[in-house]
């Protein structure tokens, strides 16, 4: 019920195709049900600061079974989870681009994307998730 | 005057019972007077990102002898403790779910809960604390 | 195919019973197939420095599907894995007390024990593992 | 003169083919001239503790323009670089499996492999490097 490397590659390929359409190179990461990295890809020209963020977004989405953009809304000053971004050794990402991956109703992993605007990252992550 | 493992288990059992009533699986942690972990439990299906947070909430509540939700109010932008969440290696939790445990007027430990909304976490932590 | 909290509690109870026989209080931790903590217990009087070590031993045993004492033999100076103890953020434990847990031939988690001599830790971990 | 994602994929494919021959699933990582990750792959069943190590081996090989097994010989107790494994935040790997990648006499990146014995990791890394 977890993800295979073949699953991860299909997800990444779909995400890459969407990034190419947008014209913004991206970092794309896929984690399994345990939150552990299966595969990461940095497209040519994508930000090196986004390597870590793409992996953190994927981890965060699995760690809390939530899209990072939704977690982010609850993590703003004054909201119920403000401060969550410094927990777990700082690897909780609270902006758009992380999307959980489900099979038969169970979260089995997640995809994280970083390299552009929040809207672009989200769009690429959703394209990846749709390929599962 | 510190907590025993038996105390921790009684606290955790009461917290689990409350989590079961709510229907939201939780991570529950109890620390002693030194802020050191006595016991942790992750209920089946609870978020893996909340393991660290439950322990951090318990530690924070003992470290400052305060409920984490009260600390959180003082840790918002513009408030007197804004920024405290990045101190102590990032393990200061500033949202609801951590409650100090007292005996004869002295704080002897704390319980930390993570796995649902702030309100749910707080309710489960209070149920645990009431069992001491 | 992963471990439940009930499994973890049964493993911990068996480990505690063995620790009581030996007369040396222990920290005992159980992780799931993803290496994530399910439960931790520190018996009264057990070393606080062993909280982290018990969790690291459990994680290590699952991370490499090996007993930590066997990994340790390969991690001595001059051996093929010397230096592995500083990888993974320093949470690779290379001394006795971590044992993988298997079901139907697949590793589904691990138990880690710390609080006494290497021999004592190993004995308590094996007693825990036998209860699965 | 640095590596592209296409280069990384060709290197990883060659490394995977060699791992399949050996029958030991591996983590394989490729970094660019800046030491920054281009791509990582975890084959199904490969150790989760080797995710970090494969990336560290690749980073180390580029960071010092050396195979990690050769660095390891100089990093044993009593040798000139003993202790280097705890520098750079602990991400210096000093055992076999990391190989620099060169073009026209300049190191342009590195490949790191982790998942089996030192000999197996080295063999898979060399197969990857040969594909550049």
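For the reader, a short list of remarks on this structure follows.
Labels A, B, C and D are assigned to the chains in the order they are written; within every chain, residues are numbered from 1.
One rule holds in what follows: a contact is a pair of C-beta atoms (placed from the backbone, for glycine too) under 8 Å apart; a residue touches a chain by one contact, two chains touch by 3 or more.
Quick caveat, the model's predicted, so the values are computed rather than measured.
Listed by label, the chains touching chain B and chain C alike are A. A rotation of 90° superposes the C-alpha trace of chain C on that of chain D, rounded to the nearest 5. For the pair chain A and chain B, the distance between C-alpha centroids works out to 28 Å.
Between chain A and chain C the centroid-to-centroid distance comes to 31 Å (mean Cα coordinates, whole Å). Chain centres here are Cα means. That of chain B falls 41 Å from that of chain D.
In chain B, 48 are the positions where the chain touches two or more neighbouring chains simultaneously.
Taken as a contact graph, the chains fit none of the simple arrangements: neither line, ring, star nor complete graph. Touching pairs of chains, sorted by label, consist of A-B, A-C, A-D, B-C, C-D.
Of all residues in chain C, those touching chain A in their complex are 32-36, 89. Residues 47-50, 52-53, 56, 72, 75-77, 85-86, 90-96, 117-119 of chain B are the ones that touch chain A when the two sit in their complex.
Residues 4-5, 34, 36-44, 48, 51 of chain A are the ones touching chain D in the complex. In the complex of the two chains, the chain A residues touching chain B come out as 34-35, 59-60, 62-65, 77-78, 80-84, 86-90, 92.
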